[in-house]
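This is the structure, below, for whatever I ask next.
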Amino acid sequence: MTPTTTWYLVLAAVLFGIGAVGLMVRRNPLVMFMCIELMLNAVNLSFVAFARAFTDIDGQTAVFFVMVVAAAEVVVGLGIIVSILRNRPGATVDDLAELRG
Amino acid sequence: MTMIADEGAQELRPRSELTAREVMREVGAVLRLSEAEAAKLGDLPEDPDEDQTMVINMGPSHPSTHGVLRLMLELQGETVLRCKPIIGYLHTGMEKTGEQLTFMQGGTNVTRMDYASPLNNELVFSMATEKLLGIDGDIPERAQWMRMLLSELNRMSSHLLFMATNGMDLGAVSMMIYGWREREEVLRFFQKVTGLRMNHNFVRPGGLAADLPAGWRDDVLRILDMLPERLEEYDILMTGQPIWRERLQGVGVITPAEALALGATGPILRSTGVEWDLRRDQPYLRYDEVEFDVVVGTYGDAFDRYAIRLAEIRESMRIVRQILDRMPEGDYRIQDKKVTPPPRARIDESMEALIHHFKIFTEGFKVPEGEVYVAIESPRGEIGCYIASDGSPTPYRMHVRAPSFVNIQCLPHMMRGGLVADAVAVISSVDPVLGEVDR
Amino acid sequence: MGLSDVIDDGLGGLSHNVITGRLEDLVNWSRSRSSWPATFGLACCAIEMMASGAAHYDIARFGMEVFRASPRQADIMIVAGRVSQKMAPVLRQVYDQMMEPKWVISMGVCASSGGMFNNYAIVQGVDQIVPVDVYAPGCPPSPETLIHAIETLHTKIEQGEIMRRRSESGAGAGIHVTEIPASSVPVLLGTR
Amino acid sequence: MTDTPHEDESAPATMHGCPVTDSRGQVVIHLGRDRYLEVMRVLVDEGFAMCVDLTAVDYLDYMDRSLPAGVEPERFEVVVNLLDIGQRRRIRARVQVSETDAVLPSLFDLHPGTEAMEREVFDMFGISFSDHPDPSRILMPEDWIGHPLRKDYEVGSIPVQFKGAPT
Amino acid sequence: MELLVFVLASVMVLAGAVGVIAYRNPVHAALGLVLTLFGVAVHFVSMEAHFLAAVQVIVYAGAIVVLFLFVIMLLGVDRAEDLDVEPFKIQRPLAVIVGASVTGLVIAAVVRGRSTLGEMSDAAAPGDDNIRALARNLYSDHVLAFELTSVLLIVAVVGTVVLTRRSRRPEVSQ
Amino acid sequence: MIAAVPMVDPVLDTDDWWWQPLAVVGLKVLVIFIIGLVGTMFMVWFERKIVAGMQNRVGPNKAGPFGLLQTLADGTKLFFKEDLIPDRADRMVFRIAPFLAFVPAFLVWAVIPLGGDFTGGRDGTVTWFGETTRVQLADPPVGVLLVLALSSIAVYGVMLAGWSSGSKYPLLGSVRASAQMISYEAALGLSLAAVLMTAGTLSTSGIVANQSSITNWHLLSTGVVPFVIFLIAMTAELNRPPFDLVEAEQELVGGFHTEYSSIRFALFFLAEFMNVISMSALLVTLFLGGPQPLYLGGVDVLAFLGPFGGTAWLLAKVFIFLYVYVWFRATLPRLRYDQLMNLGWKVLIPIALGWFLLLAVLQVGRDRNVGQTGYVVLVVASLAVLVLCYLLFQAALAVARRNRESEGAAY
């Protein structure tokens, strides 16, 4: 018995689900960020599975772009978190209502 | 390693508890600011970064604190905001012990203060005693020149020790071994002359404990011949080394005004460009008869202090060469029955001599009432000895003005704004000897 | 002998037989050949201690050039110099931070007995604070003396039982250290 | 210095109204506590910009020491050594401090370098310095009781013990 | 064999993912994330995407998570979050329900549509071909996108520098 | 299970008994593991002896002949020393950190060609005991990237060790470590890219095969610059002097491993030296032709060793770098943290990037067959770009400096 594309997609779906739940449950901004990474990875996994299934390299290219964008996103996101947490250590996202009007 | 002994009020206090005067001590005093101005400076930490600081403890058991110095550093990231040296971990009660020992025995006590240059300690104590006795003008020529020889050789060995520790603190491990290797040659000579490698108790009131051994001239010449090329090795390994210069230049800067206000002496004061060397400016022994240059720096940074010490080794070698040429024959100690024990040969012959010898070494000799302060230039700066006598054979009060004790106060001013790694370089460049700091 | 003994005491819980005997030899050999000293310089003796690591004396020959700044990794504490009342608790703490098995060399007369400083400030003998294995005489002991002390300690290590904990026997050089509970009143020295 | 003591004079010289003596060729000025800071300030203006040393002596057992006329011997004496780098001269100030009120104003504002020295004097003699920025012990542990260099403080020696000696 | 690899890697992925959301300490959560990333990399290898697997480890594990850890250590926010305190009573169960239903939905869709998917083709060529194909695709069809991502990266770096630069001017400190 | 073998070693001939290839792989693993351990033991001894020699000392000579067993003594002692996990430590992370440091150091060996016959354009396979195989544990198509990945994982060991100790000095050490390793990873990767572009492959054995003669060695064919940058960046990655700020004994006591004792500390110790050897081997593979022989006057002087000749060459070359590292340790003072960062970001990365661009231009020229004039135009144009970049860079630095000055120093 060898794993088929479906297996990978199901795994990706579960991973995505875990990430989504984490994002909704956790309140530490850093951990929430990690959950987003989980979800991105789930997507990556399904992309590669599709690329494999359709023998089309475009899927892998998409993954490549996702990784680059994820890197950029983490850099900016962590920058924001650093500048916020530096002024008020221990803040959770609930405390971060700075933008509320 | 985390620390330990809790000394409460001696430690660095949190900023919120600081009074205006304490802030002033940290930032304003040496600049002679008014209290209000200093307090204004101290208000700065109200910015939102305040809670980002971390207090770490270097020492008293830390590889780069030269023994048991303890520094509390307040860091922001790796930048040192405040620094407070805490001392006393080697407090030996030497000044109290000095009151129990006779003037004859006092040398054994003081020699253990600055253990990197013991002969200078003995010298200043002996000179103070001689001054109290009023025999300071009668010390034989040979004794004077011998004292100079030993003092200069000791300066060399002390500076070589500095080269070694400075190298070690900055991560140049080989330099440490090389410094020690050369110092060992000097110590070998000391051992031949005094019988001991350190803590000699050789310079005594009235002269020295013994004459120079046969062949001493060759031994000194061997050291003098060996050292120049070794020093050139140092130049290659460190002085000309880009990393070395980067690490030391512009680090731990102190201004002449600050150095004077803090009472710093020795290479620290000279590194700021102030020409002050007691050997030249208030000559003792026969320093006014030899030629040498006072080496001064320009920037007052750690590199200047390094370079000054390196150059002072060379100057000392120059002095030693002149001493070799001019060493007179004669007696190595004053022939004053009161302070000088009889020669060994006479003890076998004469009962009187035996009693005399016995009395000098048990009771000691009486020293007239009065008080005196004598200062000489040790490798670390001005070492002074203050003795108050009540006419008994023991000092009523014996106090040593230790250069390291005063110099160490410069640390907070040199470190402010530097990095942790700079802190290490700064401690190293001040070259404190904790035995002397804590006494 | 139960499993718990082995867990608590390492090999000390095992009774001696040929295999553990051989193993003991190996372990003793390795400990004596690789006893890393902690950097714990105090006074004059520290200079001589460092000198013995330098070119002329070179304790690296015994595998000892690895002066560990962190007490966790050190095996030998060379108490080099006089121990003041203020330093004593620090010294004890550093000793406690060291891992078993550990040995102490008391270097110089000041560490061994207070030396010439019989006064209020100096602890009269470091063996009041930590158990000492070897005393090196001299003020300061020359590097030769220190090396002799180290060699003596090495011999002692090679002959020792490998897993007996120091806390169990409290043994130093034939003396037992009894810990005195700290009193709330500071001990007064020298009030007349 | 306006009125330097001469080598041969017998009458006590004065400087800024304070008696000046000569001790083995060294200039010593005797100050009262009330004029301590003031004279020190004047001395700084005269060029003695560097305070090399500050220490104290406890004259408990030696109250009959010789002092110039007009100086009342007290138990403590604080000794300050000043240095004039420009003219290469030194002066020493001796200040009498009474046992009952062992307080002196701090020299910190004039010579920041005396900070550690004054702490040491406080630690060793119990003479406190008013207005000192950090009046804590420096050499002894913070919870130490007594001031070791006072003459009524024993040296603290314990009898020599020979461990393991046959009794 | 492939089954074994799949199962092991999937266990890694899921255990790591659960770790991320369950560990209280952010550092432990980050370690869980690393585990997941490795699992995903293993999946990539078994699907012949060697290059992506390597990049996954280098970029994600080597850079992004290290950055996370760095920030955690820098800010000292590594104390455990108190998971017992709930701001809204209903949030957690609701999140689980929403997450589960989304997952279920996707799984259902995938399983239903599995006939449209081609089976795993074993024809993937060994050697450098994966990399060459990826490179050719990247630099021909997607070259504009590639250049745009490089611009994005630069903008991100500059923006972050500006964002975190601390001004020491007193007027900023209120 | 048979299917696993080709994944690891595609060259391996699998027609035979199914256990034979597995046995070969297993044997390789075992041999590499043992050689790695012994090599590390030797390296520790070597370093202590050589440093001692440079410092006019004798070095260890009491444990075994010439002190050869010194490392064994250290290891045994550490193994039987009491272990401790500090109270404030994070127990789980504290336990796994040494392994995180140790395992990547070992894994690098998997992709390094340890020998083989590359002479005369052969592809490096040898036939031993009837099995045709590479003298290399695995030859994945992305071998070099694997090494990069492993070296980027190595930072975890250091970082987590410092953090989990729960005290200040190790934390400072680990923050330094992570910043340092991330920074130098970039320079490392960029200089590596120059090699990859010249070689045209990511596989380590392919890279070795590409360097058939000394003029083809990437040391020369990429210009010496990437080699120098790689050497410096690698020293920094390895936390070796003068870049050993992570451990910086004089400042941070022991850095990240301050709180470690016993066998856990031994693992860090081992990992450090293991890394030195494996990264030296990587350097040799990338720039000095790995097991390729050096023809002295047209003769392979080690040819008499037969199939072991390649291995001997590799060892000889690695040896040079081991000596270089010891040499660094004995002579250079340690850099300061900010100087380290400046060197990494403001010197190494721009130079590596510029050099890479230059090489790329030349490569394009070669591919497109532009003539002499075309080359001149290309080189001039790229030089112009580089100069412009450099000027912009300097301007940016000047602005940054001015800003810093106008804001004043801290407190």
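Letters A, B, C, D, E and F mark the chains in the order given here, with residues in each chain numbered from 1 onward.
In the analysis below, a residue touches a chain if its C-beta (ideal position, glycine included) is under 8 Å from a C-beta of that chain, and two chains touch if they have at least 3 such contacts.
Values in this document were obtained by computation on a predicted structure and should not be read as measured data.
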Chain whose mean Cα position lies farthest from chain E: D
By number of C-beta contact pairs, the top two chains: A-E
Separation of mean Cα positions, chain F and chain C [Å, integer]: 39
Rounded Å distance between chain A and chain C, as computed from the means of their C-alpha atoms: 55
Distance from the mean Cα position of chain D to that of chain B, given in whole angstrom: 22
Rounded Å distance between chain C and chain D, as computed from the means of their C-alpha atoms: 43
Where chain C touches two or more other chains at once, by residue number: 54-55, 69-70, 85-86, 118-121
Junction residues of chain A - those touching two or more other chains: 86, 89
Contacts with two or more other chains, residues of chain E listed in rising order: 2, 51, 55, 63, 67, 74, 130, 166, 168
Residues of chain A that touch chain E when the two form their complex: 1-11, 13-22, 24-28, 30-31, 33-35, 37-38, 41, 44-45, 48-55, 57-58, 60-61, 63-65, 67-76, 78-83, 85-86, 89-90, 92, 94
Chain F to chain C touching residues, read off their complex: 48, 52, 55-63, 67, 69-70, 72-77, 80-84, 249, 253-254, 257-262, 265
Footprint of chain B on chain D - complex, ascending: 23-24, 26, 28, 49-53, 55, 57-59, 61-62, 65-66, 79, 81, 85, 88, 90, 92, 108-109, 111-117, 120, 124, 131, 133-134, 136-143, 148-149, 153, 155-156
Touch list for chain F against partner chain B, complex: 51, 54-57, 167-169, 172, 176, 241-242, 244-245, 248-253, 258, 329-339, 409-411
Contacting residues of chain C [partner chain D, same complex]: 85-86, 113, 118-121, 124, 174-175, 186, 188-192
